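So that you can tell them apart, the chains are marked A, B, C and D in the order they are listed, and the count of residues begins at 1 in each.
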Amino acid sequence: MIEQDSEIIFNKRVAVDTFLIGLKSPLVAAEARPGQFVMLKVGRGMDPLLRRPFSICGIREENLILILYRIVGQGTRIMCDFRKGESLSVLGPLGSGFEMPHKGDMPILVAGGMGIAPLIFLASIMEPGSFSFFAGFGSAKEVVATDEVGSSGLDLSISTDDGSAGHRGLVTELLENRLAGFDGKTSPVVFACGPLPMLKEVAAITLDGVLSCQVSLEASMACGLGACQGCAIRRSSEQAIAYYHVCQDGPVFDVNVLDWGAL
Amino acid sequence: MIEQDSEIIFNKRVAVDTFLIGLKSPLVAAEARPGQFVMLKVGRGMDPLLRRPFSICGIREENLILILYRIVGQGTRIMCDFRKGESLSVLGPLGSGFEMPHKGDMPILVAGGMGIAPLIFLASIMEPGSFSFFAGFGSAKEVVATDEVGSSGLDLSISTDDGSAGHRGLVTELLENRLAGFDGKTSPVVFACGPLPMLKEVAAITLDGVLSCQVSLEASMACGLGACQGCAIRRSSEQAIAYYHVCQDGPVFDVNVLDWGAL
Amino acid sequence: MVHPDLRVKIGALELKNPVLTASGTFGYGREFSSLIDLDLLGGIVVKGVSLKPREGNPPPRIVETPCGMLNAIGLANVGLESFLKEKLPWLQGLNTAVIVNIYGHTVEEYGAVAAGLSGVKGISAIEVNISCPNVEQGGMAFGTDPDMSAKVTERVVKETDKPVIVKLSPNVTDIRKIAVAAADAGADALSLTNTLTGMAIDIERRVPKLANISGGLSGPAIRPVSLFMVHQVVRAVKIPVIGVGGIVDYRDALEFLIAGARAIQIGTANFVDPRASLDIIEGLRIFCQDKGIDRIEDVIGTLKI
Amino acid sequence: MVHPDLRVKIGALELKNPVLTASGTFGYGREFSSLIDLDLLGGIVVKGVSLKPREGNPPPRIVETPCGMLNAIGLANVGLESFLKEKLPWLQGLNTAVIVNIYGHTVEEYGAVAAGLSGVKGISAIEVNISCPNVEQGGMAFGTDPDMSAKVTERVVKETDKPVIVKLSPNVTDIRKIAVAAADAGADALSLTNTLTGMAIDIERRVPKLANISGGLSGPAIRPVSLFMVHQVVRAVKIPVIGVGGIVDYRDALEFLIAGARAIQIGTANFVDPRASLDIIEGLRIFCQDKGIDRIEDVIGTLKI
């Protein structure tokens, strides 16, 4: 883990309100594993004050980290104006990352919206064709083309809420369809990232089916280091300390360890 | 007086840490007189919060206002990164402006550092050759070339503290030399803007010689409109209300009306 | 969609919308009149008026701080007489509520200013600033002591026929005590908060940045503090509460309204953007339209806890 | 130019420089150990320790505000026993002052935690957080009442051989009263301020943004308030004062030192920039060098008023 000023190599629009930024951060890039994230200092003054967490979406040319982000508020609005040549403080890589699938597992990646970011990174280090990848978006104009984000050749099944691209409906429906097709020879292992309602549905499906599943969660964060205890999330089991910290114990969790009712 | 978002037409470096910004602000430009100023909103977030006051340095092509500024802190550091095409909220023109010299007067313009800005505007509307213009800087690299700021042909006598350009010494020495040369046929009228110590010296010289003199002052400002009473400055006379407000009663004052001892 | 109704009532005081400009940040209204249409405002609270003119503190009087500013204007104002003669006539020409902020150094002075404004046409209400030093009591501020707050309130209420809004200081251990004291003493409404006391130091010259040493902190920086106090006071008193402190856009305004404030005041934001109050009114209108809310009153006090 | 001497003394406590990390913002130090060399710090104040482990408040626990943040962590911590067993040994390996922040729900609990830390190697001082709710007294915070502040201080001082720093809340009418009470009760030093109480509301869902409703405001937004209180307290007590609140760079640190604080703590800035405290130490060093100041002690309390 390191904190370093990183040069912006590019910052391009890849879908509506969606950008891909490439940051020259060799030390972060060297350590990063899929599911880990970075905290970016986006404000020039002290407003906004806190860093913003973003999943690492990929590594390019050994020293570049890629971040896929959507404009949702003050910080991301500032980010989209950043230009090549400017620099940015990157803190990372942070968090635990995904546990890689075992041989013989059949990985299924399920993304909602920007939740696609860590899964693109995960997919990039897996054998092409050895997994399924489902990604849901609001509509066609939000769909992130994988070759735009440097993952050309990635075989992605899309769903959109309005049917303007791919399957009309929820991405969890694609997951359910896929699971229905399993024959019992390979064991499906699910990797999911996206908005909370989607993750809850994925949790319900996988807990119900007693399937292995890892979810990547979000929480408001101040430090990203496990120091402030701001990013608490309720554990499922009854123990002395009832909370995990998303930044340190996560952001990737086994679906079994969380208290989904409290989320 | 108006508040309007104004497009940045250019923002170029004209000396060390010194920039000239051109803002497309037709309504402000139409009203502006030399000595008046504008308040610029420089922060994108709320830090820095308040607008920054800048003298109008000139009007170009009817709708462009020019601002000459030096990087001294957070706000001006943000400004120098602004690029053509971006826009900025301009509030102005504010304040009283210079009272124009009468026929037969011999205007002497005395500038220290960025104090040159309002005087360039003043000079631009006077008959070439009908006045003297002295400008003091720290050193040669701080000297603003007048043709860089769109006032080519302006006949300027320079002083620098270190003698690296023009007269070595204070700009007030140039003023004193010039005053010594007066024959009594024309009456010198002084227009001065610059750092406080320089203005105090100009005040001492002109009060002593009973010369007409207008100075343009600075003060911390919040509103620029005469509403907050933040920019108070002590009057010389003893009256019920002991303060002027720089933003509204000034920034240009007759040298006689101020309490120079309290400044 | 119908045009949402933005009118609110603060007791007897009816406002065309809940957005007022805060005392000391909007002069006597006129300073902003060439920039915005003042008649669109819910109302204007003018700069604090005292019995006699006051010159205010020596400069520097203001300094910027992170997301805020400190001011030590020292309540500079033209005094009651000049206010009535020189400032009020122009204000009377406006079609918006004019609220006169007053203060004094003694209970008697407060009473005298209130009496002087009583019965005067074109004044919708009196706002009593109790956050200034009480010379009689050895420099303690009226607004930090429940008994003194009650005394001032009582006197002002007695001396005037106008609705009386008491403006509270946030520099207290428990603002609810002061709020209850003022309410029990007859205040028609409360406004809160005034500024938090703060300081800044010039490290080069090793002097306070304000000639007055300390000043009042305002602006977005204090918003969470003011909002919490409004939340507390709304639950402690029965009279209407007006929220003030760090509001810069309609979302901030909504936070106060949802917490239970029946109106809000815009202070420092006027400096940052002279159109701030009008933009907030427009923002509230659009918010209501988008959500299908007919009356802004239906938003007030809807916090779920 | 010689290397300026940055050492300061807080009573019996000697620090290699005046820069400490503030409780709750730096975990148990270890969280930052791969990012910065902790041995360069003046000291580390660890997260508040209570007698029993505490799980803390439900999320959301933090929310950003203009130039600041609200937190309602709820004093989540591993408890005294685990602290001694699991956290302290690692801290003992550091070459910097380790100050343990403590709190309790009763005077007795404070005493018990202090007793448990007494005589333990590797603990330089105890910082007593008196800004948490006092259950015994019906929810009022110890830190807002001079008598209760004195009682807690007395008890902690009695139970421990370590220097005792009492950490004051800014949510009071006159912080000098609490400061004097704590000093008279035997505190070796004071640190101030803790967070200002504040709130933020989610206007879409009309709920408080924090599950706990209110939280503590920290960060640059509060700096002017903390600085003014330090200024006041330094002039009211004879014991050393440690300044805390919104410090993000060496210039901010200097404001507190010039006002009279003998050391400072860095809180929220650690989140913004994990190197903040080291940059501040470096900034102080360069400032002294540039000005020809031999010892940082010569800067402390040099405010001209």
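Things worth noting here:
The rule we apply is simple: a contact is a pair of C-beta atoms (placed from the backbone, for glycine too) under 8 Å apart; a residue touches a chain by one contact, two chains touch by 3 or more.
In UniProt terms, the chains line up like this: A, B = Dihydroorotate dehydrogenase B (NAD(+)), electron transfer subunit; C, D = Dihydroorotate dehydrogenase.
Because the structure is a prediction, the values reported are computed rather than measured.
Greatest Cα centroid separation from chain D (Dihydroorotate dehydrogenase): this falls to B.
Between the chain pairs A-D and B-D, more C-beta pairs are in contact across A-D. Taking the mean of the C-alpha atoms as each chain's centre, chain A and chain D (Dihydroorotate dehydrogenase) sit 36 Å apart. With each centre defined as the average position of its C-alpha atoms, the distance from chain A to chain C (Dihydroorotate dehydrogenase) rounds to 46 Å.
Chain C (Dihydroorotate dehydrogenase) and chain D (Dihydroorotate dehydrogenase) have Cα centroids separated by 34 Å.
Across the assembly, chain A contributes 46-48 as residues in contact with two or more other chains. Along chain C (Dihydroorotate dehydrogenase), residues 66-68, 219-220 each make contact with two or more other chains. If touching chains are joined by edges, the resulting network of the protein chains shown connects every chain directly with every other. Listed in rising order, the residues of chain B touching chain A in the complex are 43-48, 74, 78. Chain D (Dihydroorotate dehydrogenase) contributes residues 65-68, 70, 144, 171-174, 196-201, 203, 205-208, 213-214, 217, 219-225, 227-228, 231, 246, 251, 254-255, 258-259, 302-305 to its touches with chain C (Dihydroorotate dehydrogenase) in the complex. Residue ranges on chain C (Dihydroorotate dehydrogenase) touching chain B, taken from their complex, read 24-27, 31-32, 34-35, 47, 53, 55-64, 66-69, 71, 73, 76, 78, 219-220, 248, 268, 270-275.
Chain D (Dihydroorotate dehydrogenase) makes touch with chain B in their complex at residues 66-67, 220.
Remark: chain A residues 46-47 touch chain C (Dihydroorotate dehydrogenase) in the complex.
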